[in-house]
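One chain, chain A, appears in both complexes that follow, with chain B as partner in the first and chain C in the second.
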Partner chain A sequence: MFIKIAIKNICAYRKRSIITVALTAFSTALLIFSSALMTGSHNKMLANAVEVYPGYLQITQKDFRDVPSYDNLIFDVKAMHRKLSSIPGIAAIGARFETFVLFAAENKTVGGMLAGIEPKNENRLSRLAQSLKEGSYLSDGDAAQVYLGVGLAKKLQVKVGDTLAFVGTGADYSFSADILYVKGIFQTGSFDFDNSTAFVNKAYFDDAMAAENYATQIIVLPQNPSKSDALAEQINQQLGTEYQALGWRKSMDGLVEAMELDSVFGYISLAIIFLVIFFVIMIYTLLNIMGRSREIGMMRALGTTPGQVFIMLWMECLILGMLSVFIGGLFGGGLTAYFHFHPIQLSGYEEQFKQYGLMAAALPTVFRPIMIARDILIILTLSLFAAIYPIFKVNRYRPLEAIHHV
Partner chain B sequence: MRWRICYFPSVLQLFFLAIFVALPLIPFPRADAAPLDANTIIKRVEDNLNGKTAMMRFSMQVKTSRSLRTIKMTSYAVGKQKSFIRIDYPGRDKGITFLKINNAMWQYVPRIEKIFKIPASMMLQSWMGSDFTNDDLVKESSLSRDYTTRLQAETTNQYTLQLLPQADAAVVWEKIIMTVSRKYFLPMAVKYYDEDGKLVRVIRYLNVKKIGTRFYPTHWLVIPQGTEKSGHQTIIDITEAVFDKPIDNNYFRKTALRRFSN
Partner chain C sequence: MFRVIMKLAWASLSRRRGRSLLVISMIAVCLWGLLSLEGLYDGMIAQMIQNATRSDSGDISIFAKGYRQNNELAELVDSAALDKFLKNDGRILSFSKRIMQSGLVATAHYARNITIYGIDLTEEQKNGRLNNYIVSGEYSFANRSKGAIIGAELASKLSAKIGSKIIISAQNMVNEVSSSALKITGILKTHTVLDKNAVFIDRQKTRDLLMVPRGITQVLVTLKNRNKDIAVIQGDLAGIDGLEVWRWDEIYPALLQSKQMNEKFNLIISFLVFCVAGLGIFGVMSVSVLERMREFGIMLALGTKFSQIGSIIMLEAFLMAIMGFGTGSVFGGATLYYLKQYGLNLAIFSKGLEAFGMDSVMRAVIRPQYFFLALAAVMLAAFVSALLPLRFLQRAKPVSLIQTI
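Presenting the complex of A and B:
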């Protein structure tokens, strides 16, 4: 019966109902879309950062992350391959030998990282090949050919076909130096990376660096990247305590935390907006309910208890609320779904973005029903809370006072 | 018999008292009693280590927990500001030369036929894979200029000096403790501390031998501290040294890098 009365009242005060529904539906849609976009773009940024070079799963000797010296290398890559071959869920494996060298070209000398990679495997593990800008990517048979970042090439003033030299320390602490031919130049969009890294074929580099069968790390591509941590655990059990396998969440924990912090700020901004909306809804409900003082006073005079008044008014708000979050949910969910499959494209600006060091030219949303349900519940609760004060206020009047209320 | 209450020495007794008690208290001018100012000590140490000019042949062994490598070199130095080093062994590295003028360092690598300057960003990188850094080679001789020296302790055999950097000095070490032999005015052990007060490195100077008119430590041990460097050591053995003979100034020009490479 309360429901019938509530529905009647809702239809009677049309303007109030429509405005309340519009406000609440808008809030719902806003919350759903914002959180989906925030989470989606953070995920994309993380994925970009991980896929450019670091990789989803890294295996190193156990002390290497703390002390990245030649004493803590993986000294038997072949044995590692054998052990890993028995673990399911691995899509690709590649070894890398990274070292810090001095690059010298003409009159310029610049310090940077030179890494030996397995070109064919690396193609699946990172985006180095895709980031090709000029020349060509490395192949498995290459000798003294180098594939370097666009910033580094600029510092050294070399282009494809030029030569440059490197000097460094080999894995046996011997002095290592050679001349390299620039085979290709890449641009990943990450400034730091493009300014300071260069790659050569590991098979060639092992010779120059006395690093045969050694690696600084081994990169694994899981078949299911979102299960990287679980796979890392499995690998750790198989390899024993000498080595450490880390999923990207741990190996890139700095970036993960930065994204989480960004989310926090995003939610704080949203919370402020919703606080305002909360007060607007509350005031609007207050106005409406106070405007019905006479009506309510009449009902009270006829014997309706305050509790029943509360239930009746609250029912109105509940029905209105549920209707609005449903509409808002559909609308917000629809937007989210659309942008999930058609991310906000900033293409055409991709080149410019790369110049500014941003890799994401497309911002997707994540479509997760649980998140949408959570958001709907939040707004519903908010709108119900908004009604509490107005209802209490009107219930405090005595019936006669209310009747005479203007 | 009455005991005498006060004892009054005779003139003769006074005389003997003076000779046996007071005299040793008069400071004798001893042969090795130099004015014991900390700055003087450190300057003498530096002069003894460097000489006006120095030509040396030495071998450097780089020990790690996994390997042992030996490199043989010849070096020419004039004062503290200029030095030239050539690698003589092993064959792969033979002909590599280094030139240091003031605080800048260049290297020539014959097998790639390239000369390059070591940039400031590489100064803390290891030199030739050893426990010395490029910065060590460039800054080794400027202790008296870059640090304020204090005499911390002394015994009959040694002085202990504490060196703290001058306000405007661009140095790596926050503190250096040096024990100096009183006999030779040569360092015995030098301890290097970083800005956190942690002991980073110890260099011991051993096997002092007479070379020409001077004494010189011919066996140096560089022992990096810290668990990440456990098992590492660099050992310098000086096989030949000639001090204060004039050295061709051409060794200290950039042309020297290629010219005196072999």
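Presenting the complex of A and C:
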């Protein structure tokens, strides 16, 4: 019976109902879309930042992250490979040795990072091969051939086929230098990385830098990248305290925090909009309910209890709220699904993304029904809360008082 | 007459105190939130720009033609006309000169690529207050200029502390590699790229190390009034032979984009909030007019002009808007003042803030235009919200209004 009366009332006060539904539906769609965009764009930026080079899971000697010196290397890469191959959930493994050297071309000398990588394994661990701009990517049989960033190549004024020298310190602290042939040039989009990094085949690097069977880190690609932290925990248990395995959330904690902070500010901004919408829904509900004071007074005089009045009005708000979040959910969900497959292009803001190493000016939304359901529930709760004050206010009147209310 | 209209409008608002207070609260809360957020966001961007201009780019940076493209040590600024301009132009607050070269820093256990900055400490202190960024050690190159000031992140990577020995190597003017051993005298944190890769050493020492007898790589210029003079001075300086003149926003396009993106974001949020708030005022004004149809009908029948009734209704809307604006401005202004004085400590997100080039304590800025624009927006929302009910009233005839129940 209450549902019938509520539906009748909703139809009778059509204007108020339409405005309430429109506002609530708009809020629902806005929240669904905004949170999907924030989560989606952050996921995309993080995935790009992780996949370009750092990798989902890094294993280092326990002190290497704090003191990245040659005293804190992984000194038996083969043994590490053997141990890791017995752990389930790993899709690929690759060793890297990173060091900083002086690169010298014909007229230019600049400092930069020289890293020895296992080209075939690396192909699965990072996007280095996909970032090829000129020439070709490294292969496992390569000797003194270098694959360098577009910015570094520009600084050194070298092209594919040119030569450059490097001078650095070997893993045994000996002096190390050689001539390298430029095999390929890459461009990841990360300004810092492209400006200062060069790669060689690790087998060659080991000879040149006296680093046979050594590595600064081992990169692991989990079968399920979203479970990197759990896998890191499992690896830590297997490897013992001498080594440290870190999932990308911990190894790139600065970027993860930056995204979280961005979300916090995003939600604060949304909260202001919702606060105003909350007030407006409350105002419209109050106007509607107070406008029906005489009718409610009459009902009370005829024996309707305050509880029944409460249920009747609450039911109206619930039906309006449910209708609104359904419409808003459909609209917001539709938008989210569309932009999931057709990411928003933020052309003109590439520099900003590059500066922060984010490498993505195309931002997709994330389409997850569970997130949509969560946002719908938030708005429904808000809209029901907005009705509490007006309902209690009208219920406080005595029947006679309500009948005479103007 | 205005007093009567004012009295009637006030009486009407007082009669429906609950709903009037609700509208006033709505405006106040949304203004409080918007003002606080706008000041904080602008403060964040201003902080990033200030860090970049003070430590790295100045308001204007001057290089030799081609240097930004090639980064060649041979491309140096050495112009008497420039020196004369910098010393004599009244719009210039201060300037400093740097010699820069890419190189490598090494400790006993680790090496890293760096940029060597040959600076004059007094000039840098005067121009960008570089001394304020020192977080450890002192702002000095010690006796015989054997010291170096390095970026905090670089120091951390090198595991170097005050007094640690470092060796810097770089290509000199005759294309050979020169090296020098130095002791760290200071560590600075600017929240810019300098933290990662800067080694500051004495400018004369840099000349000796890199065999640069004269000329400099970069001149950082700080202006007395950046917004007003930057474009004109850039043009004036570009007229001097052999120079390339860059504004801070050309050197840091990402910061300019952040600023623009922030302005657009604030505009969208404010637009949405004021549209919704306007809808709230509209609801109250519509009901207020509809409830008093008979009252207005009688007034019209007794000879009251429609413009006078219109004034009452408009005044009601404006009174609510002004009271909401006043309350919101007081709370918003107080919050901004607090955030300007004491800042918002977000140390919990310090690593994330560093990734964006920000300090962990964020300070808000207070700009008069926040309040003027908010007042204009609130008044506009109130005006538009009252317009529709008024039009409805205007179309009705006094007799039909009197018959309204």
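Please note the rule applied: the second predicted complex is superposed on the first by the 360 of 406 C-alpha atoms of A that agree within 3 Å, B and C clash if a C-alpha of one lies under 4 Å from a C-alpha of the other, contacts with A are read in each partner's own complex, and residues count from 1 in each chain.
The rule is short, and it goes like this: contacts are C-beta pairs under 8 Å (C-beta built on N, C-alpha and C of every residue); 3 or more make two chains touch, one makes a residue touch a chain.
Just so it is clear, the structure is predicted and the values come from calculations on it, not from any experiment.
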item	value
Room on chain A for both chain B and chain C (clash or fit)	clash
Partner chain(s) touched by A:S269 [first = chain B, second = chain C, both, neither]	second
Touched partner set for A:I19, first chain B, second chain C, both or neither	second
Greater chain A contact set [chain C / chain B]	C
First, second, both or neither for A:A177, with chain B first and chain C second	first
Which of chain B and chain C A:T365 touches, first, second, both or neither	neither
Touching partner for A:A165 - first (chain B), second (chain C), both, neither	first
Partner chain in contact with A:Q244 - chain B first, chain C second, else both or neither	neither
Which of chain B and chain C A:V280 touches, first, second, both or neither	second
First, second, both or neither for A:S228, with chain B first and chain C second	neither
On chain A, the residue positions that both chain B and chain C contact, one per complex	66-67, 69-71, 100, 102, 104, 109-111, 167, 169
Contacting residues of chain A [partner chain C, same complex]	19, 23, 66-71, 99-102, 104, 107-113, 155, 157, 167-169, 192, 196, 253-261, 264-265, 268-269, 271-273, 275-277, 279-280, 282-284, 286-287, 290-291, 348-349, 351-352, 354-356, 393, 406
Sites on chain C touched by chain A in the complex	18-19, 22-23, 25-26, 29-30, 33-34, 37, 41, 70-72, 102-107, 109-114, 157, 159, 169-171, 175, 177, 193, 196, 252-255, 257-258, 261, 265, 269, 272-273, 276-277, 279-280, 283-284, 287, 291, 346, 349-356
Residue ranges of chain B in contact with chain A within the complex	62, 64-67, 69, 92-93, 96, 107, 109, 111-112, 114, 116-119, 121-122, 125-126, 128-130, 228, 231
Complex contact set, residues of chain A against chain B	66-67, 69-71, 100, 102, 104, 109-111, 165, 167, 169-170, 172-175, 177-179
